[in-house]
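Same chain, two partners: chain A is paired with chain B first, then with chain C.
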Partner chain A sequence: MKNSKLKGWLYLLPAIIFLGIFMVYPLVDVFVYAFQEGFNFASQTYKGVGWFNFDYVLRDPYFLQAVKNTFILVIITVPVSTGLALLISLGLNSIKPLKNLFQTVYFLPYVTNTLAVGLVFMILFKKTAYTDGLVNLIINWFGSESIDFIDGPYWAKMFVMCFYTVWVVMPFKILILTSALASVKQDYYNAAKIDGTSKGRIFRRITLPMISPMIFYLVITGFIGAFKAYSDEVAIFGTDLNVAGMNTIVGYVYDMLYGDSGGYPSYASAAALILFVIVLTITVINLMVSRKNVHY
Partner chain B sequence: MKVVLDHLTKRFPNRTKGEPDVIAVNDFTFEIPDGKLIGLLGPSGCGKSTCLNLISGLEKPTSGRVWFGDTDVTELEPENRGVGLVFQNYALYPHLTVRQNIMFPLQNLKGADKLTKEEMLRRSDEAAKMVQIENLKDRKPAQMSGGQQQRVAIARALVKMPRVLLLDEPLSNLDARLRLQTREEIRRIQRETGITTIFVTHDQEEAMSISDEIVVMKLGVLQQIGKPQEVYNDPVNLFVAQFLGTPAINTFTGEVINEKIYIGEEAVLPAPGVPNQNVWVGIRPEGFVLDENGPFTLDLTRVEIMGRDTSVVATHPFAQSPSVRAIISSENEVDADAARIRFSLKPKKVFIFEAESELRIRF
Partner chain C sequence: MTAQNKQVTQDDLTRIEQRARVKRVTGKSLTYLFLTVWGLLVLFPFYWMILTSVKSYSAYNAEYTPKFWTAAPTLANYKAAFTTVPLAKYFLNTLIFTVATTAVMLIVVTLAAFAFSRLEFKGKNLVFTLFLALMMIPNELVIITNFVTITNWGMRNTFWGLILPSVTSVFYIYLLKENFAQIPDELYKAAKVDGCSDFKYLTKVMIPISAPTLVTVIILKVIECWNSYVWPRLITDDPNYYLVSNGIQEIREHGFGRQNIPAMMAAVVVISVPLIILFLIFHKKIMAGVSRGGTKG
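Moving on, here comes the complex of A and B:
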């Protein structure tokens, strides 16, 4: 008995060592930095211990802007992308011809490089000396003025941001949902059909409950992913997100560490911890909601 | 409700391109009288389930018609046919409780048929009572045994008072003891409700025990219809003879010469009026009579005494199966150490079939 326990630990050892060095230790470090006032990497010194860093970060207009941006992004993109993915999956699931082709097409964004996609979005939306971009051409055609989506008003930039995010995260959701839909046994639908169940009721009372665990999984990972948004913003608006007013919380953390005005690991750590608390809260709320609505 | 199948055919396109279509149901014509329990019987892949799906409307026939009473329902969608269907794996909605499952069909009713909440509860309670699961109403399917799930599935099919009840292999997921119990239950429910019921099975014992009539199928082709005992006593061909009965009928290659049936060198039975030809000889296990001077000799393998009956296991060079089984009353004393054993045969338990067509030759 004792011997087998020892063996178990031995098998776990490589994983524990790696996780310890690359995950647990940095996490502890972040926690420590967050409470050290004015920590300096080079000299490894700090002035004091306390809530000072949080105080600073929470008053920093750049951080508040980043929080606002992130929340807008999360609140818009998670429901929209999940809903659209569900619609597309339902469509994919109900067609026979060309199903595989469409599945591949819808999955393409997932394997495409973020920066390449960003470039395409630039072509679609960016105003240059030569052209106002494809989308503006369409807007002009309908008789409206061109809008500068990349350097223009906040709502326009936010629209591009959300559009982009939805487009990037959707393939994975479609993939998961199509397989979830395909795994609902035909017998349930046959039984419902025999009993004269309407299409809407079949969807609400059978399909949706059956795939609810997968939807829930997508919502949770969707929330977490959206809260961690950063690289997509860089792909569209460049590295100076604060100037563009499109920074996110993770972007703020990065800027505090390595940005032009960076070198403040304490502020960065404090911001990261705040993000952690936000994500944790949202996830716990999600879990509580799901316990009521997700079946088996 | 009388159910009539009229030249019903269902072809499926072959999955491999260029191969001919698969004919699952081939030119089916028969009538199911009102209020009867009918067993559709055949080996797997013989088109039983397709036939059931054609009746339920889940599949549309390639040609032919389906009638419920005087109504042609061929073009009707399943929900408009008024059928209840119990699936092989029950297809209970796992996220709904037993009561919700049973009420599901009632909640679908629209317009003039719409029921009040009380009426739905009353009818679902009634259906639950019918299958004796009143005390399980708040459970989820996963919290119940296979037999209980089966009952819920039947209650769900019955609750909307269907004109025809269809059961697809209703007992195949149950253990042996439960199977016996449930088939009696199905019989009882059918009697109580008087609903025309069609059930599909590959288990001949199951079909014979509870059906008013059985329909034997093979490769999409109807072989024989009739009361179970009639079909058993008077099979039209070798397939039906072999498919019905446990233990199975013993089949031998034989020959009719001068109006006598020969198996090997031995003339086992007279066959008046049958011309000389090669035949299959089928002998029911209960058709053997222990007889020291009998015409039919077998090489004895062993004797199994099972209370009321004695089962004699033997071999014969012309038998189609490795062993021949004869069942005789255990009042007979069989010398288990003997090398050979002799029988005479009961003429009614011996069938002969044409060698090529395997059709029955009556004599």
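Moving on, here comes the complex of A and C:
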């Protein structure tokens, strides 16, 4: 029997080694970095222990800009994408012909490379000396002036960022909501129909409560995902997000670690921990709200 | 009740029915219109990238007002994409990275799932709980130290440096373990009686039975690998080891010159095509797999 005990650990060994080196150790280490003051990457020395790194990060205008951008992105894209996905899923669920085709098409963005398609979005929105771009063409049809969405005013850049983020996250949300809607028992609807219940009431009293766990699941994962936004922004505005004024918190972490302004794992760690605390707080709030409103 | 009265009721009924039908048809049409609009919004970027990729450089730059159609499609941009920038190299790198990462991960994950579902040993449940707890750790927290670790190991700009940190996934271990656990005990006991070793049982019985789940895991991992950007960007600065995501960023910033957008779009089409083909073949499987456990955004 002793032999078989050992065998269990043997089978687990590769996973434990990899998780140990690349998950557990870094988790401890990130705190070490964050609280070591004046860490020098070249000589591997530090001056003391304390809150200096957090203090530095929280005063860094680039970080504050990144926090602002991230919060605006989250507050806009999470409700918009969830609401839109709900509308689309309701539409999908009410039709029969072409339903599968629509579903397949809607899922397409999920399997595409965000960096690659982001480039297409950039070209659609960008205004250059040669062309105002397609989006501006459409704006001109409605009689408005062209806007530079990529290098122009802040709100225009924010609009592109939100638009692309929504486009990218929709497939997952539509998929989840469509299957949630399909799993609501037909009996409830039939009963309501016999009672002559209006459509709006059926939606509010049957559909919404039945799919509320999935909606909250999407809201929670949506918040977490949006707080970690980074590659979509790189795709549209290029690698130097600070210059574009469009950096996100995760972007700030990577910039501190690597690149032209990099080489500061301490600041990167402090920023990553701040992000973690923000995400954790929001998730806990979400869970508390869902306790009250979700019907399981 | 008079005959006239009856007549009126009948008339009313038809009118009500008609009105309901009109309402239903309008509702349906509006639904289809709305769904079509979103479908076009999803497809349009793909159309635009293919269209732009077959426009010639001079034709594209002559269009101050973008045209929705081109009369003279050309493949010159695809040639440029493969000759001016090392697109084939990026492609090959991504292929190696994807295949190697997925293969190593499958081995690690399958062994662990087997231990959790089939073998008995002390501390199993504790270890499993700890594994599950790791699922909550965001990548951003651990990537900083991983970057330092790989740098210290001298593995920057190597395939090992790219691959090693992403060969375990607690989520896939969990998914496979659940699947393995559904295989009846009797099968295991019968195999034991026949003198089958644990390892042989795993490879000859459990893996074939769980093939559908394994395929789902493989597909999800391949998508993840093909699109990964952040880690490769941190760990490679030698274009010889760029993956497609980093390649496209490099092409955008230094490749064809900023204005050669048709050539850029050709590169974008080339790197998007493999996953789109994969999706068209396996779309049912991919969508089922993602709704079981994928997240993005």
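In the analysis below, the second predicted complex is superposed on the first by the 279 of 296 C-alpha atoms of A that agree within 3 Å, B and C clash if a C-alpha of one lies under 4 Å from a C-alpha of the other, contacts with A are read in each partner's own complex, and residues count from 1 in each chain.
By definition in this document, a contact is a pair of C-beta atoms (placed from the backbone, for glycine too) under 8 Å apart; a residue touches a chain by one contact, two chains touch by 3 or more.
Everything numeric here is computed off the predicted structure, so don't read it as measured data.
A.B. asks: Overlay done on chain A, so just call it for chain B and chain C: clash or fit.
C.D. replies: fit
A.B. asks: Regarding the shared-chain residue A:T131, is it in contact with chain B (first), chain C (second), both, or neither?
C.D. replies: In the superposition, A:T131 contacts chain C only.
A.B. asks: Have a look at where A:D187 lands relative to chain B and chain C in the superposition and call it first, second, both or neither.
C.D. replies: A:D187: touches chain B, not chain C.
A.B. asks: Should A:T207 be classified as contacting the first partner (chain B), the second (chain C), both, or neither?
C.D. replies: After superposition on chain A, A:T207 lies in contact with neither partner.
A.B. asks: Consider the C-alpha centres of chain B and chain C from the C-alpha centre of chain A, and write down the angle between them to the nearest 10 degrees.
C.D. replies: In the superposed model, the angle at chain A is 70 degrees.
A.B. asks: Have a look and say if chain B or chain C is in touch with more residues of chain A.
C.D. replies: Of chain B and chain C, the partner in contact with more residues of chain A is C.
A.B. asks: Would you check which partner chain A:T70 touches, where first means chain B only, second means chain C only, and both and neither mean what they say?
C.D. replies: neither
A.B. asks: Just how close are chain B and chain C at their nearest CA atoms in the overlay, in Å?
C.D. replies: It comes out at 8 Å between the closest C-alpha atoms.
A.B. asks: Indicate the residue numbers of chain A shared between its chain B interface and its chain C interface, in ascending order.
C.D. replies: In the superposed arrangement, which is not itself an observed complex, chain A uses no residue for both chain B and chain C.
A.B. asks: What part of chain B is in contact with chain A in the complex they form?
C.D. replies: Of all residues in chain B, those touching chain A are 56-58, 77-80, 83-85, 87, 89, 91, 93-96, 104-105, 107-110, 140, 142, 156, 160.
A.B. asks: Which residues, counting only chain A, touch chain B once they are in their complex?
C.D. replies: 185, 187-188, 190-198, 201, 205-206, 209-210, 295-296
A.B. asks: Considering the complex alone, what residue numbers of chain C touch chain A?
C.D. replies: Spelled out, the residues of chain C in touch with chain A are 28, 31-32, 34-35, 38-39, 41-43, 45-46, 48-49, 52, 61, 63-66, 107-109, 111-112, 114-116, 119-122, 124, 127, 131, 134, 137-138, 140-149, 164-165, 167-168, 170, 173, 198, 223, 226-227, 229-230, 233-234, 244-245, 248-249, 252-253, 259, 261, 264-265, 268, 271-272, 275-276, 278-279, 283, 286-287, 290-291, 294-297.
A.B. asks: Of all residues in chain A, which touch chain C in the complex?
C.D. replies: Listed in rising order, the residues of chain A that touch chain C are 4-9, 11-12, 14-16, 18-19, 21-27, 29-30, 33, 81, 87-88, 91-92, 94-95, 98, 102-117, 119-121, 123-124, 128, 130-134, 137, 165, 167-172, 175-176, 179, 221-222, 224-226, 228, 230-231, 234, 238-239, 250, 253-254, 257-258, 265, 268-269, 272-273, 275-276, 279.
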